Amino acid sequence: MTLARELQQSFAAIVRQDVLRAWRRRGQVLAGLLFFVIACSLYPLAIGPDVQQLRSLAPGMLWVAALLASMLSVTRLFAREFADGSLDQLLLSPHPLAWLVLAKVCAHWLTSGLPLLVLTPLLAQQYGLPLASSMALAASLLIGTPVLSLVGAVGAALTLGVRGGAVLLCILVLPLCAPVLVFGAAAGAAADAGQGMAAELSLLGACLALSLLLCPLATAAGLRIAAE
Amino acid sequence: MSLAGGCHEHASEQGPKFGARGLGVQRGGRAVLEGIDFALDPGELLELRGPNGSGKSSLLRVLCALMPPAAGELRWRGEPVRAGDARFQRASAYLGHADGIDADLGVAENLHFAARLAGQEASAAQVDAALSQVGLAGAGPLAVRSLSQGQRRRIALARLALRRCDLWLLDEPHSGLDAQAATQFDGLLRAHLDGGGIAVVATHHALDLQGRTLRLDA
Amino acid sequence: MERTWSTQREGDGRVPGWLAYASPARFDPLAARLAPWFLGAAAVLACAGLYVGFVLAPTDAQQGEVYRIIFIHVPAAWMSMFIYLLMAMYGALALVLHTRLSSMMASALAPTGALFTVLALVTGALWGEPTWGTWWVWDARLTSELLLLFLYLGFMALEAAIDDPRRAERACALLALVGAINVPVIYFSVRWWNTLHQGASVSLTAAPSMASVMLAGMLLMALACWMYTIGVALVRVRVILRERGMLPGRRA
């Protein structure tokens, strides 16, 4: 087998295994989505039912809820491997660890980020956001949630097996995700105001490119440190 | 039966294949072992013996490059070994205390995954053959969740049989195995050594095989 | 056998002169000798800087005496960012060279960096209240400082949470490096966000035009902070060395 084919096989194997496992333990995935739904419903309860106000706040609030939901779900990225010893087997693979990490993050996004995206237009109705604007918001989430998964993976690797890991992960990763939050919410707001969101989307795209380049490497380094 | 793209290479060089010189091992920031030296040729077995806490597991993790040594160096086929060294990792297999088996998947699924992760392709027949060698013939479609601790350990051993590598690094392979399974594993190990493989095994059990012993008393 | 630092490289015995000080046993007495000098210099420079800032510098026409807080606010903000970059540099050294002393220096610098960040935030609030009427202003610099404070606190939290000292050091080194790459991104995004939402109306960076006296005062204070940082870091790293048992026993 050529190296390219081997890499393709291992990538596909990891994605397949993780998606299969997420399907077999759907409860966990659905719980994360339910958290997103509940969080989105809390803001109107707290702020009041004024539709105009809610509409202007919608992109920001949906983005914050997506960010928090993403943080909660990323804690389980490597937890199982660490617990049952599979992490060692991952580290001992002859393929680059960063590549395998990318596969894991990809699978994680498919099972947590993508469903969030799908729910967003529905939840945006609670805020009185018209369909076109909510689709634009979903587009910003499409580019932004992979970045959240990638940066979250770095935090997950650093806090593997540490007590109080979930809260610690949030503390470490949330400040690093601030730029994505800023650009993403601005994109949604610009779309709702009728302006183009090309600038914001390209900034989000730049964040995605940068994190695709750097985060798998950082996560791989973090995993090696955790396994020492 | 070796896998397509398997990792057997002809031992054409002279000199020890796997060796350590002045190896030091740390655990939790403290030195546990110092000055470990050994050199192993194809077909040789090294047993690591010592009481609990003497550093057997830590030494094995250093030997498979999961942990960098505190001092000294490791050599495989004359070249020093570093973390992430693909050449070394294709040729070696590690079995730790934990099985490294995914409880949410099936038995055969686990073995196929392990093969792909190691850059190899395993056919269903090869997976079945590996399972038969550890006494789990026909267990392919079963869910790991339904198996006992000893059976899960055997799946991890089947992973070794499937990959057919030159170097085995095993941490207490007998743990959880009944007498029959232990005998089957000894046969597996003997076949590996006879085929020119090297094995470093940390064990409390006396292995019924000719080999050198490294005592790690505190 | 003396436990000294170790590297992965083949021991050839000869290392460059400065790298020899990466050995805790050699670094400790050097740090002990140097620390008082730095702290003394910091005290002298601080007195000079405060004198220039609070006595010599003229009163500003628009903001009155309140603007003098800039002599603490700006140097503190500079130091908070500079220290983070230093931590990242030490983190990179620790990861590449596998020296424990580098990561201990990063750990020693973190509390001081957090302190300067808090100082910048507090002085920013003290400046904002009389000038703009609110204790907190979402201007670009203050918001960046706030996020930087979270990065510092995260670093310290991670270090405290991991039991194994060696793993804690390496994890924190990686975190510092990742954060440092992120700091320019955060700063840019906050500035962008600020101009998007508020325009140029409210800004603490709109300082009065700099007379040379004011500049001299700020530079003196910056130098004082720098000397203080070095002195305190040297003291702290000696404590950390002892805590982690890196020194080869008590000398008779």
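Residue numbering begins at 1 within each chain, and the chains themselves are lettered A, B and C in the order written.
One rule holds in what follows: contacts are C-beta pairs under 8 Å (C-beta built on N, C-alpha and C of every residue); 3 or more make two chains touch, one makes a residue touch a chain.
Quick caveat, the model's predicted, so the values are computed rather than measured.
Among the chains in view, A has its Cα centre nearest the centre of the complete protein Cα set. When chain centres are set by their Cα atoms, the one at the greatest distance from chain A is B. Separation between the centroids of chain B and chain C, computed from CA atoms only, is 47 Å. Per-chain CA centroids place chain A at a distance of 36 Å from chain B. As a whole-number value, the distance joining the C-alpha centres of chain A and chain C reads 31 Å. Chain contacts: chain B has residues 68 touching two or more partner chains.
Within chain C, residues 166 each touch two or more of the remaining chains.
Among all residues of chain A, those that touch two or more other chains are 228.
For chain A in complex with chain C, the touching residues are 154, 158-159, 162-165, 168, 171-172, 174-176, 178-179, 182-183, 186, 203, 207, 210, 214, 218, 221-222, 225-226, 228. For chain C in complex with chain A, the touching residues are 95, 147, 150-151, 153-154, 157-158, 161-162, 166-167, 170-171, 174-175, 177-179, 181-182, 185-186, 188-190, 192-193, 196. Residues of chain C touching chain B in their complex: 1, 3, 6, 8, 10, 98, 163-166, 244-245. Remark: chain A residues 1, 6, 9-10, 12-14, 17, 20-21, 24-25, 80, 84-86, 88-97, 100, 224, 227-228 touch chain B in the complex. Of all residues in chain B, only 24, 26, 28-31, 34, 68-71, 73, 82 touch chain C in the complex they form.
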